[in-house]
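Going in written order, the chains are labelled A, B and C, and every chain counts its residues from 1.
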Amino acid sequence: MSVTALESKRLEAVLKGDEEVEVVGTGTDAVAYALMLADIDVTSAYPIRPYGGVMQTVARLIADGYMKAEYIVAAHEHDQFEIVKHASAVGARTFVGSSGVGWLLAIEAIVAISTDRYPVVALIGNRALDDPGAYGVEHNDALMVRDVGWLLVWVDTAQEALDTTLIAYRVAEDPRVMLPVGISMDGAFLTHSEHVFKIPPKSKVQKFLPPYDLGNRKLHPSNVISVAPQVNEDWVTEIRKQMDEAMKNARKVIEEVYRDFAKIFGRDYGNPFVEPYMVEDADVVMVGMGTVSKPIKEAVRRLRAKGEKVGFLRIRWFRPFPTDDIIRYLSDVKVVAVVDRDYSFGSPFDGGAVFTEIRSALYEAEHRPLMMNFIGGLGGREITYNDAINMFNMALDAARKGKVEQRVIWYGVRE
Amino acid sequence: MVSKRSPPDELLKFIPARDSPYTLVVVYGERSIGDFWTFPDDGTVERVLGAIAKVMPNILTLDDVKKYLESLDKPSERVNRALEAYQSLVKLREVKPGEGLPYKYEPPHLPGWKDMMIGGAIPGLKPNQRNPYFTGGTAKHYRPVINFDKCIKCSLCWEYCPDSVFDVTPDGYFNPALAYCKGCGICAEVCPVPDTIIMVDEMEFEDGYGKFIDEYRAWKENREAYRKWFESLLPKAQVISVRKR
Amino acid sequence: MTISIKLARTVKDLLQMAQTEYFDAGHRTCQGCESAMVLRWVAKAAGPNTIVIGATGCMYVANTTYYTTAWALPWIHTQLSGTGSAVVGTAAALKALMEKGKLPNEKINVIGICGDLGCADAGLSEVSNALTHTKYNFLILMYDNESSANTDIQETTMTPYGALTTFSPSGKQVRIMKYRWKKNMAAMMAVGHPEVRYVATAIASDPIDLYNKVKKALEIGGPTFIHTLDPCPKGWGGYDPQVQP
């Protein structure tokens, strides 16, 4: 169970040296290493798959002395999130996480974390909601908090998971933002798959990530404040407006932080909000979040080789929503096909949440593309390369005809 | 509409003046804090319904009230209370603009979102600093009046007040900050010397609205006058405890 | 266990040792609220080096009204069932930050305050989990007014058998709606948690005892628990705050 000799040599190198070190590990391992580098003070664990792996790695790193943090095993997820909320209030950098129904059990505390403006960073190992119990990925767990002041980001490689964790602390703790960040990671496809990734040296992380400072909101006998007293209608609008402003500020801050990240670590993500893949001059662009990018990118490459003008846009930051980038990349194409690993029953076109948001963002665009929605990959069902080709073919067909025959397609549903 | 034992003219001494005319309706009744909390079945509601029927028959007629009350349990008892109010317990008084307590209500200036701390945080108090923005003292029906001449400085009143009302004076007395006193009477009950803290109906005083007198200072300034004043209030004091009298 | 701190023996001791108010006047508690008295004495016993966490409940709603506060101690709200979690999170953060040199090393008391609903019902698993965390120093205080007093007096598991509440009225067909017996929290906390360092029951009508018990709990450190029984003038029908239990 303990850290292996090889791993130990590598960890010593990043903690003491100035060079990054290449390792093999899962998506959750990558997040755990980021937490070690970010020197978190308090974390709280509760077992649920698929997020739980991160806490096992963190426990190992603490037990072997590579990181120092209070590691609290909670009674349940609500307990877990309240623990970090209050640790954050005292000035501790905190980490927490969950999956599926666990995340939902904590929702009361989750909302209080954002309304109290504590920059907690959470990992959501995306998982289908009960009932019936299922392990596989679905994005509805994280999407449950899309309206309450959590910044939400989806990653699709272990490297991106590690880097985004560091970026998340810097963005969340920025005085202009002071909101929590939820990092979403597709259950199994990323949480449990092995990747090669690089761990940056701690010396660089210290340059990138200043200490957590709550300023005059730190709860301490030397700073007597009352936090979140019972409030009436005279004040609630103003308190929500402050959050609205912080969320809007976050767009600017995210751009700054990615630029700084590239400067310090030499890894440039380009556009921080979305990852455009061969979208230039494309007639059909597929849109998705998370690991679905893998088969779709492969399909794009093969179709491009055959002369089809297709592309892919992966959304990283869902909150704040990248409206400008959506308009920039999608408004001029013929057909936009959104792959939703989620559902939003009874939504305006009975489509998925991402589809509905993109549709709303494009309403203001000068040109509006035709739109299709594929609901697929639910409960962890794989979206394969062949599925991606099929979806592209349907979208290309609509582009040729200039008309979408079926707007929302439950892809692969058995009749 | 007020449920009270005092006549309208007496009440007007306490009701802030308004810019427009209105009708003051007093329904004779006991004080009751319960009605807005846990709804004790003490007849207040029936009397108020009877009063509405009397004052505003266009809204509710006596027949409507009867019909409703007869649908409940103990119908005759309830109807009787409504009838009582309808027939004799209601006093009307037309109030002219400007009549009443000269009292200007300045709406507080609330800060905007840019000036508020984020996250619902606010600055706390300093030790021994009472909440400057909220006092709560208008909740009281009875006020503690203290006979400092008899006080033995035992400090029990200070210990037991749930609202931290008593200031410790340099010479060891305990002076109530009446603006913060809710009138629960605990201090009067725990005081070991009979008739040293008495609870007197708030209607006996014309100060209020944060301008409560400072009892200790008044006593210091003129003990003889204070003693006389205290003795004049003594017969009006609420009987706190049979044990002591 | 021998305690090296000075405890109060008389009311005069209290006056000398605990004159400073840290939970001061200007809160919205009802007339004669005994829970307010509990908080007042807990704050006095704890002193200035303390962080207070208040769970949703009447002592949240009544004591803190946004933009004003009655606390001269750093105070934060936690959700109804969050007390156990909040004290652990706070104490753990203090420990981590002090060990890493991010905060000066000093003793800071952490006190979580919850009502009977927040502690014995909704938050029981969190409180129970907290009491196993021997690494951290905190006190959980359950103020038990035997009902959900803030929300109109509904029954909780701490409401005594047979009590009338708005969720357990007595009717024509069902005479006794509250048919469950009250939980024994102090015993459950003491027996069920082998590492809990101190468990006590108290009542504010004996402030010396309450003061000393809070002092002891904070001095002993580790996970500690105090159950106070708080008569509620609003909820306990017929209870007159002037007559102390």
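Criterion: a contact is a pair of C-beta atoms (placed from the backbone, for glycine too) under 8 Å apart; a residue touches a chain by one contact, two chains touch by 3 or more.
Note that the coordinates shown come from a computational prediction; the quantities given were computed from them, not determined experimentally.
*Asks:* Report the topology of the inter-chain touch graph, choosing from line, ring, star, complete and other.
*Replies:* It is complete, because no pair of chains fails to touch.
*Asks:* Looking at CA centres, what chain is most distant from chain B?
*Replies:* Farthest chain from chain B, going by C-alpha centroids: A.
*Asks:* Would you identify the chain whose C-alpha centroid lies closest to the centroid of all protein C-alpha atoms displayed?
*Replies:* If we average C-alpha coordinates per chain, C lands closest to the whole-structure average.
*Asks:* More contacting C-beta pairs: A-C or A-B?
*Replies:* Greater number of contacting C-beta pairs: A-C.
*Asks:* Taking the mean of the CA coordinates per chain, how far is chain B from chain C in Å?
*Replies:* Chain centroid spacing, chain B to chain C, equals 29 Å.
*Asks:* Using the average of all C-alpha atoms in each chain as its centre, how far is it in Å between chain A and chain B?
*Replies:* Taking the average C-alpha coordinate of chain A and of chain B, the gap between them is 56 Å.
*Asks:* Where the CA atoms of chain A average out and where those of chain C average out, how many Å apart are those spots?
*Replies:* About 39 Å, centre to centre.
*Asks:* At which residue positions does chain B touch at least two other chains?
*Replies:* Within chain B, the residues that touch at least two other chains are 110, 120, 122, 124-126.
*Asks:* Multi-chain contacts only, two chains or more: what residues does chain A have there?
*Replies:* In chain A, residues 224-229, 231, 235 touch at least two other chains, as defined above.
*Asks:* Spell out, as numbers or ranges, the residues of chain C touching 2 or more other chains.
*Replies:* Where chain C meets two or more other chains at a single residue, that happens at 48, 65-69, 71-75, 77.
*Asks:* Can you name the residues of chain A that touch chain B in the complex?
*Replies:* Answer in residue numbers: 115-118, 178, 216-217, 224-229, 231, 234-235, 238-239, 241-242, 245-246.
*Asks:* So in the complex, which bits of chain C are touching chain A?
*Replies:* Contacts found on chain C: 48-51, 53, 60-61, 64-69, 71-79, 81-82, 84-90, 92-97, 99-100, 102-103, 108, 125-126, 128-129, 133, 135.
*Asks:* Going by the contact rule at the top, pick out the chain B residues touching chain A in the complex.
*Replies:* It is residues 110-113, 116-126 of chain B that touch chain A.
*Asks:* Can you name the residues of chain A that touch chain C in the complex?
*Replies:* Touch list, chain A to chain C: 39, 41-42, 44, 68-70, 72, 74-76, 78-92, 94, 108-109, 112, 211, 219-221, 223-232, 235.
*Asks:* Write out the stretch or stretches of chain B touching chain C in their complex.
*Replies:* Going through chain B, the ones touching chain C are 33-34, 37-38, 40, 110, 120, 122, 124-136, 139-140, 154-156, 158-165, 168, 177, 180, 182-186, 188-190, 240-241.
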